[in-house]
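A short worksheet on the structure shown next.
A, B, C and D label the chains in the order they appear, each numbered from 1.
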């Protein structure tokens, strides 16, 4: 599997302005900026649009959520289906998705089998150590309270991120770190990468930017090559 | 909103052979049989494929699950997104999807606002009466134990279905009845419609049919015009 | 089953100062006030204390939550166990307890079988109508946002409560109405009963009262005979 | 904290014959056998009976489930309340209780703060390694399919248990191993302890024994001193 980092993820979550043609137009803007600035961006489209978007973009596509087919029922997005649809990575857990302790390992393993980068959310070092025992590709380091906040860790406590990056580098050098929560400006992105992270991203800040192309260009300037 | 019934739903759930190109090939077979026999079929594709499939088929598309944007977070399929993607109907609840008592009414209402047919699962008349107070478009009448079974209600207790249809006709004539669970053969489908239902469907039986076109043609012959 | 209303419920939820001996001391204060003022109070003790408290008090005991044994597994409080322990009523649902649409009816029925008063939470008239189809003994009318708030419906919109009481009286005269959420003072309680409710109660306000006996006496004066 | 092992746990789960006086009578039988045979037994009473039972028995009491007060709402049993009620141990997770990946560490820590033995369920070595990073007191090693089965791991694959015990001894010598699932007879118990486990137990087999005292005596003979 080709590693994605360093990159900046634009996460559509379930925002109104990001479904279908609106979402595609947004992605085309991201692609334009990505190419013009030679910066890696990735996108996490709305789930019902995943294959449709993956077919239309050269950007790496991240599944906002997915579970193994063996655990899935009606209405579930499976790791198998998002892999088949062209996703490059999957959020195995995230602050809004509680996954049972016993399920995280098998889900990471299923991503590995299918060549998908597995992203696992952790809010502290203790949980990170537990997650690392499953050898995930990427840890999403984020405090639930930072989501859509103006006072994310990247602004209020970058040293904490730095220490986390060092901790992961010591414990599992091959695992990348994605810092999330409250990333809104180019300055935030710069600060995040200065802490040593491999990736960061935004959802509400991206969607709410009045001049999306301008915002994306400012972000691109803050993402290392 | 154009009413869908009578129809037969092929539900892909999360089966292996139904994602992406495999699913599309299956749908093309359904379309061919639908046109050749002048029979109404509908499909419930895997969630990550929803928009991609909706764009490629003239069959009505049913969302296996979706929730209002106002309740949604990262990884959720929203009613708004599936409407935008071209879905005609949504399973608001189903035997594998527990939806809180207080959420069912607002979800039906959101489907109504967006012109989507709302399908609500009930396993008994008491729950049906409660569901009808929210004025859904369609009740899915199904016993959880009948899912993927060889001894579904349609085989073992068609009178129960008949009484249920009469009950709904009395209480809310505009609401249609979809009977599910253990429907595997043309005979089952004939029996279901003989009970007065507006729709029925299959998942495992459809996916497992060795001669899908043959199976679909036999089903088509059992669906009333 | 003896109907409890009118009454005022002191709900211990999972507050620190309400387990074991602390909770029992609180209940003894409530009993003293109840007897001195001839006012009906009820208590909802912490779940692990339920039988222990029920054995020690003459006040009606309400189970904060319970499910039928047929649905229960390890760690669940069953309706059967709380009935056996001496509870008089059960919260079948409440704002913090999402119960699947299909489960509410059977749970109310199980309470009925065992002679327990069933209390079902609803936040609006539409959900109330659905709930009434299961013939519960009591509707808890409460907006989730009112929990532990200073601006509960009883202060900001008593007319809404009044209309709700009338609605229930029309639809199901035998069903009582419990209004909850943001009830903190004797004035709130007076206003609630003036709207025609059968019961109300408090959790945080009761636990946080610096002079519990004084607070309870003021409440007692506001509960009708 | 006094370590409990080696011991045999009688788990009441939510069985009919184990609430209130029935449960107490059962526990008195266990106490009698425990004293007569000088064998350590523990009990996991039904949750609403927990404090009532703890007050009446000298046997160590295990909470079937509990969560930290900081995460708890109405109807939840808290770690704080069961500690106050006299429990000696808590099942932080078990096969019927999915606990989010990010919550397991803080729950184990809360048990530690309150002097309660924390028991964490794992079904495989990978999950065990993750759990051990939180330093729990005891791992419950059990396959979900073994619950109430006649073909538990202790009968079909004792070598697997042995290897698991060795693995835990290597990784975290202070952590004890409780093997569960399908333990029904004295022979099963003997085999379990022969594999090196610190504890085992039964639920359905204990409750269904026609001669409980006889069954308990046979079990006692199989538990090491």
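We adopt the following convention: a contact is a pair of C-beta atoms (placed from the backbone, for glycine too) under 8 Å apart; a residue touches a chain by one contact, two chains touch by 3 or more.
Predicted model, so just to flag it, every value in this text is computed and none were measured.
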| item | value |
| --- | --- |
| Chain D reached from chain B - shortest hop count over touching chains | 2 |
| Contact-connected components, chain C excluded, all else fixed in place | one piece |
| Far-end chain from chain C, centres as C-alpha averages | A |
| Cα-centroid distance, chain B relative to chain C, in whole angstrom | 39 |
| Distance from chain C to chain A - Cα centre to Cα centre, in angstrom | 44 |
| Inter-centroid spacing, chain D versus chain C (mean Cα positions, whole Å) | 34 |
| Chain contact topology (line, ring, star, complete or other) | ring |
| Pairs of chains satisfying the touch condition | A-B, A-D, B-C, C-D |
| Touching residues (chain side chain C, partner chain B) in the complex | 93, 98-105, 120-124, 126-127, 129-131, 133-134 |
| For the chain A and chain B complex, residues of the former touching the latter | 11, 13-14, 16, 19-20, 44, 46-52, 55, 63-66, 69, 72-78, 80-82, 84-85, 91, 94-97, 203 |
